[in-house]
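Here chain A shows up in two complexes: once beside chain B, once beside chain C.
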Partner chain A sequence: MSTSPTTSTRAAGWSLTAPATLFFGLLLAVPLLLTFILSLQGFDANLGGILDSRSLHNYAAVLSDPYYYTIFLRTFVLSLLVTVLCVLIGVPEAYFLFRMRDPWRSLCLVMILGPLLISVVVRTLGWSILLGREGVINALLLKLGIIDHPLQMIFTFGAVTIAMVHVLVPLMVLSVWTSLTRLDPAVSQAARSLGAGRFKVMWRVVLPQITPGILSGSLIVFALTASAFATPALIGGRRLKVVATTAYDEFLGTLNWPLGAAIAIVLLLLNVAIIVGYNRAVERRFTRRLG
Partner chain B sequence: MTYLRLENLCKRFGETTAVDGIDLSIAQGEFVSLLGPSGCGKTTTLQMIAGFAEPSAGRILLEGRDLTPIPPEKRGLGIVFQSYALFPHMTVTQNIAFGLDMRRVDSGERERRVRNALELVHLGQHAKRYPRELSGGQRQRVALARALVIAPPLLLLDEPLSNLDAKLREEMQDELRAIQRKVGTTTLMVTHDQAEALAISDRVVLLNRGSIVRIDTPHAVYEDPQQAFAAHFIGQTNLLSGHIELRVEGPVLSANGTCFALPAGITAAGAALFSLRPERIRLTHAGSGRLSGRVGQRTFHGDHWVLNIDTGLGPLRVLLTNDGCAAAADGDAVGLDWADDALRPVREGV
Partner chain C sequence: MKNNDRNGAAALLFHLLFMVFILAPLVVVCLVAFTPNDFLSIPTRHFSLRWFVALWGDDDFTSAFKTSMLLGVFSATLSSALALPAAMGLARYRFPGRDAIHAFLLSPLMIPPVVLGIAFLRLFTLINMGGSFTSLVACHALLIFPYALRLIMAAFAGQADDAERAARSLGAGRWTTFRRITLPMIVPGLVGGWVLAFINSFDELTATIFVAAPATITLPVRIYMSMAETVDPMVAAVSTAIIALTLVAMLVLDRVYGLNKVLVGNH
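For the complex of A and B:
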């Protein structure tokens, strides 16, 4: 037995992973690399657009302008808020769903996961119909005489938050659901036999065991909010820019592709840093206990 | 003096009846096993006593108090689950202290009781570990300590040893019994393993299809099974069926054209079924004894031999203690004999 694999097994390994490598290479690595190269190039509208130069000028522009700080901060606060709300709504939702009996349980699960089958754009448009100046809610409130001029709901931070939570809460439910189904029901029974009421069982026994599920769900929700485009674009509009919509505007509005690319790369790096750091912290805490 | 009493306990799931009118009285300090094949209703019975399943009819009385309307967390019973059901996010100490926390026992008292419980199950040095860092046997001990530390009036064990390997299981059987004797907690164990039930129980409750077949001491159930089901399920046996004929020289059992002498006390003729335990049969010289046969197959098990002997009544299983000499070889003609009381009449059914 030799410790290093022979040439033929190594070749077999490479050839077997080749399709996946090629797939990710072409569809992920190459576009990312091209975006990065693009972000290093200059731009001058008078000289005919993108210049063939290499500098960190665009990054300096993004990192030195308070205008972008506001956008990045807004994106971060939005992501954090949406994540917290998804935890507060999604965890109890998954738990109640889990405790239901079967015809209702499957029915409610389909109802919760059903929206995932509908495009984000369609779901978001639903919110703009509800929240618009001449939307359903304003029309109703006016008719009832509760208000005398329409409320500004769309294009506000609150509206974006509500719509984002609505779009992402099913993912949190799914993530928590998975860890709930892995629980041994006897563990909750053991807690009850030892004198814990239903609430204590949930708080002291169930919740700690599903924490990894909640944490991974939060990670998904956070990352998706930070990079979300459709919902902030439709509900937040140009008044309430987030990083993704800013990058989009640079590409299609001012046609400054290199600056847009730089913004996208900064968002990517921040996102990766937050996710990796969070994962590290979580892993250190839970591997010993729950494996 | 009855301590725990089950009165006409029933559980129906839709059309099927899982538990069909169980009546049982257990004295304080007794160790009783509910024994039966899977689907006999033993686990459902335990679930009803624990409070996790609601009886369709009947009552559960503990020291004269009806438990049926009381939720599980107020019953205060100690339960050891088949999967142990330890809290995976808590250390051994935290697991054991959980029941005391719920009872708001003050910290000094709690610490003392947890320490005693750890000592009782010999786990002192593992106090700070998490369940996943323990072996199966150690988890079992934690589960037992956690159930006993609250000083429950009744300890329920649900197949407690079925997840352990054979050698460890035997060790834990002895230890479980020793701990139960020491603590004196009235214990009800559910098991499908007859050897386990015989080894640790004061009394065995044999269940089949939701009803009690027999309640007695392990020795009495084994020696005088009374029903064919009991004879088969507990230990191994030879069932001999035939016709009793009263002849001049005494009663005989005849079947397939062969017959052998029955004890003189039998006076009723007709169809009959007997149980004859393999270890009660003696081998004699060919031509002597009650029956003659030929060794079909012989297997060696270390401390004993098992012989399949072909007789006119069909194959008979014989168990011989290994006394150092080789037993009769395959194909040898032998005679079979047994004491009068080895042959036990049994009933068919149930």
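For the complex of A and C:
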């Protein structure tokens, strides 16, 4: 591999990546551009749908109408809550898992990460069977005589939070696991032999080293919660709308495509801004500490 | 490792509760699928296959299953065919714009699927291809491309190009070198990438829901639609079938590529 690109490696690199790049241009760049143009157009159900005008009024509507910014706020709070919970349970789990021995270690890791390969709809179904009015938990509690009428668990904010944590916590475990495997066990052993207690080793030696893993896991969990559709739609129901389900309703329910497109573009921009901003902030912090 | 590195009782209890939390929803789905009753319940004494029999005769679910399988095969193949040269270009050559192209080709992971669904819907409506199977294949090929790319790139990165240089210096042509030397070395990555891409196509709901027409409804979309109305044991039965199929796919992945490498390395 040559370090300074010669004409031949340049041509080879470009021509090999050209088919995929062209495909992405046609199926990603063009559709996103079309969606942006759509978001500038007007809508009137009486005049036959999408109007051929160009303005930012859909964005003004999304940003000024309390109905919409409540939805954005709810999505933000949900994402924050899910991220915090994933850190609280995912980080210790990854650490305990790391200290286990094979075959248990590999087996548990596969059981935790395997569900990532199963459709979110299936994982969400489990929660709606557990938490429904005629669901398993209510049936059990009624049978045991702990309650005398079914609890309302499904279609609540709490239920959406729990189901989202279940869907995404494997990614936090994975992220922390990856940084744990890079850890040098000699450092922890040195700390122990110098008299540090078990808790102190975890807090002062292990935690600082796995912080990058926790931070990148948090970003993934946050971004995926913010754009989640299936779980909020099925567990939250009609009343507890989030951004993704609102965009869906505008498109396939009220058929106001331009407004739906504007919501989608805002969601995309916020997502990208959060990912880029977060990465910058984390990088700055770490370079300052190391440099 | 020394004894003082072992987990204490509290840690093991936490671990146990965590595993119950992760597995309970999936186990419950599988149990409910075997209920002999008409309503959701966990069977205690009698287990029945009636919901699987009903599922077999249900045209909506069986045709959605066929659509999903075909869609997965076609889109994973298209995706891998595009990802193979791209991965080779990105892994083996340094050229201007390489990082930008790499980021562009991984970007479907960063874009909310709702946004992609809306963008696909807009494109295919404008060119009058809305809801066609071909349009679904194209959308899925884009969505799952990053998974195929990453595994194939990892395969290229794991192999030194010494053997290729040797073949070239001994007089083999570009194509012969690729076919006889390069391709055999990256087959595990290619197969692993294909299977992972297939699984992700098979699981995809959010973007597909925008572009699927009644004739091209996929299995996750069908499950979503019936769950939005009512949750009955039939949905649990079809979900159980999906869980079983995923386990089979995991075994295949483990054989050809190594499951831990797919799950952990895919990060």
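What we mean here is this: the second predicted complex is superposed on the first by the 266 of 291 C-alpha atoms of A that agree within 3 Å, B and C clash if a C-alpha of one lies under 4 Å from a C-alpha of the other, contacts with A are read in each partner's own complex, and residues count from 1 in each chain.
In this section, a contact is a pair of C-beta atoms (placed from the backbone, for glycine too) under 8 Å apart; a residue touches a chain by one contact, two chains touch by 3 or more.
These numbers come from a predicted model, not from an experiment.
Contacts of A:Leu88 after superposition: neither chain B nor chain C is touched.
In the superposition on chain A, A:Val110 makes contact with chain C only, while chain B stays out of contact range.
In the superposition on chain A, A:Arg192 makes contact with both chain B and chain C.
The wider contact with chain A, measured as residues touched, comes from C rather than the other of chain B and chain C. Look at A:Leu255: by the touch rule set out above, it reaches neither chain B nor chain C.
By the touch criterion stated above, A:Trp127 is placed in contact with chain C alone, chain B being left untouched.
Applying the stated contact rule after C-alpha superposition, one finds that A:Leu63 touches neither chain B nor chain C.
Once chain A of one complex is fitted onto chain A of the other, the partner contacts of A:Gln209 are limited to chain B, with no touch recorded for chain C. Chain A residues in contact with chain B (one complex) as well as with chain C (other complex) are 189, 192. Those residues of chain A that touch chain C in the complex are listed here as 1-3, 5, 9-10, 12-17, 19-21, 23-24, 27-28, 30-32, 34-35, 38, 89, 92-93, 96-97, 99-101, 106, 108-130, 132, 134-136, 139, 166, 169-170, 174-175, 177-178, 185, 188-189, 192, 198, 223, 226-227, 229-230, 233-234, 243-244, 247-248, 251-252, 257, 260-261, 264-265, 267-268, 271-272, 275. Taken together, the chain B residues at the contact with chain A in this complex read 50-52, 71-79, 81-83, 85-89, 98-99, 102-103, 130, 132, 146-147, 150. Partner chain B is touched in their complex by these residues of chain A: 184, 186-187, 189-197, 200, 204-205, 208-209, 211, 288-291. Residue ranges on chain C touching chain A, taken from their complex, read 1-2, 4-7, 11-12, 14-15, 18-19, 21-26, 28-29, 32, 39-42, 82-83, 85-86, 88-90, 92-98, 101, 104-105, 107-108, 110-116, 118-123, 126, 138-139, 141-142, 145, 149, 161, 199, 202-206, 209-210, 219-220, 223-224, 227-228, 231, 235-236, 239, 242-243, 246-247, 249-250, 259-260, 263-264, 267.
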